[in-house]
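Here the chain labels run A, B, C, D, E and F in written order, and each chain numbers its own residues starting at 1.
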Amino acid sequence: MNSPGSRSERYKKGEALLNRIHGTHTGDAIVSALEDVCPDLASMTIEWGFGEIVSRPGIDLKTRQLVTVASCVTLGHAKPQLQAHIEGALSVGATKEEIVEVILQVALYAGFAAATNAMLLAKEVFASYSTGDN
Amino acid sequence: MNSPGSRSERYKKGEALLNRIHGTHTGDAIVSALEDVCPDLASMTIEWGFGEIVSRPGIDLKTRQLVTVASCVTLGHAKPQLQAHIEGALSVGATKEEIVEVILQVALYAGFAAATNAMLLAKEVFASYSTGDN
Amino acid sequence: MNSPGSRSERYKKGEALLNRIHGTHTGDAIVSALEDVCPDLASMTIEWGFGEIVSRPGIDLKTRQLVTVASCVTLGHAKPQLQAHIEGALSVGATKEEIVEVILQVALYAGFAAATNAMLLAKEVFASYSTGDN
Amino acid sequence: MNSPGSRSERYKKGEALLNRIHGTHTGDAIVSALEDVCPDLASMTIEWGFGEIVSRPGIDLKTRQLVTVASCVTLGHAKPQLQAHIEGALSVGATKEEIVEVILQVALYAGFAAATNAMLLAKEVFASYSTGDN
Amino acid sequence: MNSPGSRSERYKKGEALLNRIHGTHTGDAIVSALEDVCPDLASMTIEWGFGEIVSRPGIDLKTRQLVTVASCVTLGHAKPQLQAHIEGALSVGATKEEIVEVILQVALYAGFAAATNAMLLAKEVFASYSTGDN
Amino acid sequence: MNSPGSRSERYKKGEALLNRIHGTHTGDAIVSALEDVCPDLASMTIEWGFGEIVSRPGIDLKTRQLVTVASCVTLGHAKPQLQAHIEGALSVGATKEEIVEVILQVALYAGFAAATNAMLLAKEVFASYSTGDN
């Protein structure tokens, strides 16, 4: 989508942040999942999403992850993203309690159905995450 | 809905918090707007919403307001609530920059149409708020 | 869209039901609002919506209006339709209390923002309706 | 969340109603599913949702279930809740025909995709329910 | 729902178009999936959806499929319909590249979560479709 | 957000396309509306949205506008964007009939409430546009 030169700086910045939040090989996983269908969507996610938006100062990474969780709970249908961002929130220092509070707060706006489904997904994420001891 | 005795403690706690976040007479305004149609919805908002959810520890009030802003941006149609929670975020210490960052972050999940409309609403709120100098 | 012959029976049945629920000139109003842009959408609304779905037995008209109110509250953005169906519910015998209960019940699934906005719209509808004494 | 004393009355009322609508052990199931992640969400669902909203008079339980089905069909993403409320509607006396009519009516507002998916879920619920002979 | 005579013409037109877009036995599949729960929903889909809307001139079938894909991506929760309409778009001459472009364009309005999930579904459809060599 | 050098090429490409689709001064209008609140959102819209997505080949501009209209109709709440994209569709050669067909097609997925509201908005756009004779 860009010349390698212009891409690489933003892209590398985005990729580094993506890996910091979502784990070391996540950038590769997104790239490989999308490479046969739309590699530019992977590039845009990394370069724009992470390299230009998520990397902005103004709010700390933990708050950024928590508001992203709130948005995904509200959408209702974005289960893979909700899971990834609950994990990401834990990775950048949010506690389970904080994530639970976010979901509970959002229940008032997105409804208790969306919040309950999100809470049960959070429970699964917490269970697999806590083997690594959060 | 409840006996006055059991209500009053939670209700008063909720009302105090509502007034702290949204301004002194907001509790009265909600009560009077709904009193002819469904006073129990006002009571539930104050007693449950504020008295039992918003008042929980676990995340600070500023983070709570920011995730609420994120949820309202994502809904797309909840304009009065989005306006109220942008104001509320400012009241509990969020800066304009932090609110702007939340809306921009949510653009990735809720789309740029919802985010742009939210940003223009934030601009209006900031304009009227900054006469009080934020 | 159809030959006048095949249309007329369903169309007339739909139009009669539309006028019964929403008031005598509503069919004409829908037809005239859409006639310059897409008259077939008016025909489909009357012939299909009212002539084939709303006219089905299986649930009575009052229940049908109440579930339609629930759906419009949940959508959040369909304000003209929500208003029309609150009016329609009153016209086929629902009480204000029943409509209020439906909105409150839906708050649990669609969130308190959507429900509050719907309740304040219901209040307006009730106010203008009760001059005709409900 | 509350002192056991203040909770117990509303909670017990909510739990009894939950069990009446959704089956005897459902209250326990919700409590145990959420106990490791957010037991207060279970309490709120039972105490507020069932103890204070679902238990209100004003509309009968069957109508209340049918409007809840309408809201869940409209959300589109709340499959576990839609299933639970179709079952709940049958439990409080709604017929399969009434539930089918509700879903068909909602198709006009939530779209035929949401309605078709809901209808196929209803078919599954009806199939497992009718061994108990509805 | 209709007398066989009045139905048959629109119905046959709709069924022929449905089979053209979605494959020869799809009409039968929809009819048989819904026949135990709401056969009229199958009839309406075929007779109205395909016989009266999809069969309209004004836009060609390929464009019609692409805008339907856009709508289903935006809904977020309509996975079976999104899959069916990606397949349908291919059947009426859309290329994989065109479908990918539609999903990417919609990312700006429906968010990158919905678009990414849609893109990965498109990838699956393309994989199974290309054995037949698109 | 970028060094002026790296931005200017994509930005200028995006701005030129934005002005081609939405009218000569639209780029300036977006920039000035957002400049006091979040100028980077204007830059991203122009640089990413228009410079990198809308400017892609693969589908022609008319089809791109029509799928954008479909997405905005489906969102239900994005009225300013729906209006802008109906105008944009006309600007790049879509006829009123094509836009009407898109909205009608989307009715099946987004519901007749969203479609009717969109159709009435299209009627307004067509009325103001046709003084320039479309």
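Note that in this section contacts are C-beta pairs under 8 Å (C-beta built on N, C-alpha and C of every residue); 3 or more make two chains touch, one makes a residue touch a chain.
It should be emphasised that the depicted structure is a prediction, and the values quoted were computed from it without experimental measurement.
K.L.:
What chains do chain D and chain F have as common neighbours?
P.N.:
Chains that touch both chain D and chain F, as defined above, are A, B, C, E.
K.L.:
If contact pairs are compared by residue number, which of B-C, B-D or D-F agrees with A-E in over half of them?
P.N.:
Matching more than half of the contact pairs of A-E: B-C.
K.L.:
When C-D is set beside B-C, which has more C-beta pairs in contact?
P.N.:
It is C-D, judged by the count of C-beta pairs in contact.
K.L.:
What whole-number Å value describes the gap between the mean CA coordinates of chain A and chain C?
P.N.:
Distance between chain centres, rounded to whole Å: 41 Å.
K.L.:
Averaged over CA atoms, how far is the centre of chain A from the centre of chain D? Could you give it in whole Å?
P.N.:
Chain centres of chain A and chain D, defined by C-alpha means, are spaced 31 Å apart.
K.L.:
Taking each chain's centre as the mean of its CA atoms, how far is chain E from chain F in angstrom?
P.N.:
Result: the chain centres lie 25 Å from each other.
K.L.:
Could you pull out the residues of chain B that touch at least 2 other chains?
P.N.:
Within chain B, the residues that touch at least two other chains are 44, 49, 72, 75-78, 81, 100, 104, 107-113.
K.L.:
Is the way these chains touch best called a line, a ring, a star, complete, or other?
P.N.:
complete
K.L.:
Of all residues in chain C, which touch chain A in the complex?
P.N.:
Against chain A, chain C makes touches at 107-113.
K.L.:
Quick one: in the complex, what on chain A touches chain B?
P.N.:
49, 53-54, 56, 58-59, 63-64, 66-75, 78, 81, 97-98, 100-102, 104-110
K.L.:
Per the contact definition, I'd like the list of chain D residues that touch chain A in the complex.
P.N.:
That would be residues 33-34, 36-38, 40-41, 44-45, 49, 72, 75-78, 80-81 of chain D.
K.L.:
Mind pulling up the chain A residues that touch chain D in the complex?
P.N.:
Residues of chain A touching chain D: 75-77, 96, 100, 103-104, 107, 111-117, 119-120, 122-123, 126-127.
K.L.:
Looking at the complex, which residues from chain F come into contact with chain A?
P.N.:
1, 6, 44, 48, 52
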